[in-house]
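I have a structure I would like to understand better, so I am pasting it below and will then ask my questions one at a time.
A, B and C are the chain letters, set down in written order, and residue numbers restart from 1 in every chain.
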Amino acid sequence: MRRLLNFYTLVLLGFLYLPIAVIVALSFNKSRFGARWTGFTLHWYEKLLSNHRVLEYAWNSLFVAVVSTLIATVLGTLLAVGIWRYRFRLKSALRFLLYVPVVVPDIVMGVSLLLFFAWWRQKTGLFHLSLTTIIIGHVTFQIAYVALLVKSRLASLDPGLEEAAADLGARGFATFRYVTFPLVWPGILAGALLAFSLSLDDFVITFFTAGPGSTTLPLYIFASVKRGVTPEIHALSAILIAATTAAMIVGRALMQRR
Amino acid sequence: MDRSAARPWQRFFRLLVTVWPGALWLIFFLVLPTLLMLWASFLHRGPYGELQGPPTLENYLRFFGVTPEGFDPLYLQILWRSVVFAVVVTVVTLLLGYPLAFAIAQSRHKDLLLLLVVLPFWTNFLIRIYAWIVIFQHRGVVNAILTALGAPPLHLYPSWFAVYVGTVYTYLPFLVLPVYTAVERVDWNLLEAAYDLGAGRVKGFWHAVFPQTLPGVVAGVLLVFIPALGTFVISDLLGAGRVVLIGNVIQQQFGVVRDWAFGSAAAFVLTGLVLLGLWVYARLAGEKGLDRLV
Amino acid sequence: MKKALLALSLLASLAMAKQELRLFNWADYIPEEVVQEFEKRYDARVVIDTFEAPEAMLAKLAAGGDAEYDVVVPPDYYVLQMARQGLIRELDHSKLPNLKNLAPEFQDPAYDPGNKHSIPYQWGTTGIAWDSAVVKKDLDTWGVFFNPKNYVGPCFLLDEMRETIGAALKYLGYSLNDTDPGHLEEAKKLLIGAKKRCLGFAGGVEARSRLLAGDAEVIHAYSGDIIQVQLEEAPTLRYAVPKEGGTIWTDAVAITRRAPHAELAYKFLNFLLEPKIAAAISNYNAYATPVAAAIPYLDPELKNNPAIFPPPEVRKKLEYIRDVGEAIKLYDRIWTEVKSR
């Protein structure tokens, strides 16, 4: 039985990695169209790296991801702590609200933000579609993920800890800073990492909230794919795959050090 | 667990610092846009695509098929098509993913395997979709192999088949992870007990193990079904305009046809469907179940 | 930390030093050398956003994009509509001395009398394209899409509403600016049938890629798109205007009403009308140029190419797409239906 399961695992892993392998392989393929191998070349990588627009899009993606993650992690963590610690009216409404971005299809969120920004623009001239509106859109769903992750981490903490700290004379913020925060930190980090990767990868919400000059990598890849992929996109994808893999390996090594 | 032996203003201050920033953000950028969209769904489109009053039920009527020329079930058909699509995708993903999660949990190398399963999920999802174009296109990988073997080429792209493969592929890790978590928590003693009572392997699994994994299964199913229901990118790229799901209709209204009123109505119907499903799930699984989604 | 901030602010100020021009154009419709020449001459930075279909362009502009972009490249039939909607501004001709370089027929075009709101950019035709290495005969009818008897092989319809509905109308023998609901219903039925037979809808460049990749055998295409690639690397491609007639179109360049960099935009439009620049654009795109003074600088394969400069007997069958006013709602509805079924 075990052999069967192991074989099955290998087959499925093969299925999971087949597209990735194809992309990486084709990024070195001489031919512009199709999948027939016509020779090895680094030409597409050269073209890609000298394409300053692509580098600009990569920068945009990174910028959006970093800024939105920072904002969302702060807001989301505070939210989670507040919900965990305090009782207040509308608490369950707020808890329900946290699930909405996670569960509702992102096209609905994207479209409602488009409407929202357009409406405000009419009334006040604010919210021109730009990197800022993309960041706003990202933060809105990131808060939910961060808050939920931190909340579940908090829920696993011993409630007696905060009481013990209070008994020893620590007041609200001190308790948080010296007792709660260090214990919750892995959850916050996990939330931040998830938020970061969701932002980098996001297409749908970005699609509806991006303006001129605020193209991100996923948007660029989509436009190129619609037009008919050139192997430059293969090269770009291979680089992204390598970068993600490296990040994951490094991340795991760091985690295991703890 | 409220530390508030404290005075009201202290409590107010604490809530202000912790809960209010996030809550205000969500209200302003999540609740308000949704309400705006609801309002827009009752307006209609002017000659140049602007939103115009007076309020009307026209968009919802049109969606549900009530037109002056008689009953036209076009959008209901698309919605139904999308539901069927999401169900099939979910079932296939479940059939493929459950054994995989099980196999990983049983393996000696579970950490490594888990990493391997998650890694593709961390690469950009557009890349993973267009990879299937490269594999399925007329001179793509599949046909290259087939013609090399002397077989005739298959037409795999653009097609419903490609969209199904692409969607299952994209959402498989979403199912494997929660199921894996659930399998990890299984109490194998129950299986032992079942064997002792004379159950065979299959019956033992079905009655003693599978029910314990159910929370993970349900979480995984939801994490696949809902995004699959609202997808438009995969059907747009792999279906080239032949595969029209409800997500595509919504996107067209906002992107190309400029009928934001109708698009909002369609978006609301989709949201309503999803929230209905969630409500059913919450009833069945309670709040703990919702937490497990994350 | 301080050093990083300093470096960042330096970078930011460097980026802001140059004037910026925001261009909203069809994908791959202006050669990089022309852009760089403009950037060099006027010490500016050109940011280009692209669209694949004019409807999407209009949607983005109407959603607030008209204050984000300076220059936009709409098809002829959109110009008056966009002017009415207040998306583009009336041009101050005193800032565009190079207008005199235009050929006489483009000095006062029907789609924008007196060039009040736009200048012509490139012009061409729309027809059908195929690979002669795969399809051995010469194709000459829209029936390859609309008539099962003329079906040749896997095909793509053009993802542009007026062009595609127009093709159906032409096949039926009507004008492609027809507003008769009965005629449009007939066109709709043809299109729904065509969609079933074909592989789907694709933008111009996407369809061309599919043709080159072998996924499709016949596509609905723009003249220059095909000639460009035919001259460069795919000599077996063919383009023709079907016997039932087709579209002749002019793409125009306009300045948005709320353009953030209007002065630079005027310089850009004037720049596009220079003979050598207009010729460079045409030589890259393989489309025809409205700038008469540029014709001597065109590549010979373009100057004498009947696909680019159609002869009179073909020109007789060609029709300009015109703004149909309120009837556009009818077209939109039909298009939604065709795309949704």
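Everything below uses one rule, namely that a residue touches a chain if its C-beta (ideal position, glycine included) is under 8 Å from a C-beta of that chain, and two chains touch if they have at least 3 such contacts.
Small disclaimer: the values here were computed from a predicted structure and weren't measured.
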- request: With contacts defined as at the top, give the pair, A-B or B-C, that has more of them.
  value: A-B
Message: Measuring between Cα centroids, which chain is at the maximum distance from chain A?
response: C
Task: Can you check how far apart chain B and chain C are, centre to centre, with Cα atoms defining each centre and the answer in Å?
output: 37
Field: Computed distance of Cα centres, chain B from chain A, in Å
entry: 17
- prompt: Where does chain A touch two or more other chains at once, residue-wise?
  reply: 33-34, 114, 226, 229
Query: Got the chain C residues that touch at least 2 other chains?
result: 213-214
Field: Where chain B touches two or more other chains, by residue
entry: 137-139, 254
Query: Considering the complex alone, what residue numbers of chain C touch chain A?
result: 22, 24, 27-28, 47-50, 52, 63-65, 67-69, 203, 205-206, 208-210, 212-214
Message: Please output the residues of chain A touching chain B within their complex, sorted ascending.
response: 1-2, 5-6, 8-9, 12-13, 15-20, 22-23, 26, 33-36, 74-76, 78-79, 81-88, 94-95, 97-109, 111-116, 119, 136-137, 139-140, 143-145, 147-149, 151-152, 155, 159, 162, 166, 172, 197, 200-201, 203-204, 208, 217-218, 221-222, 225-226, 229, 233, 237, 240-241, 244-245, 248, 252
Of all residues in chain C, those that touch chain B in their complex: 53, 55-56, 58-59, 62, 81, 84-85, 154, 156, 159, 161, 195, 199-202, 213-215, 326, 328-329, 332, 335-337, 339-341
Query: chain C touches which residues of chain A in the complex?
result: 33-34, 53, 114, 117-118, 121, 128-130, 211-213, 215, 223, 226-229
Query: Mind pulling up the chain B residues that touch chain A in the complex?
result: 1-4, 6, 10-11, 14-15, 17-19, 21-23, 25-26, 29-34, 36-37, 40, 96, 99-100, 102-104, 106-107, 113, 115-120, 122-135, 137-141, 143-144, 169, 172, 201, 222, 226-227, 229-233, 236-237, 247, 250-251, 254, 260, 263-264, 267, 270-271, 274-275, 278, 287, 290-291, 293-294
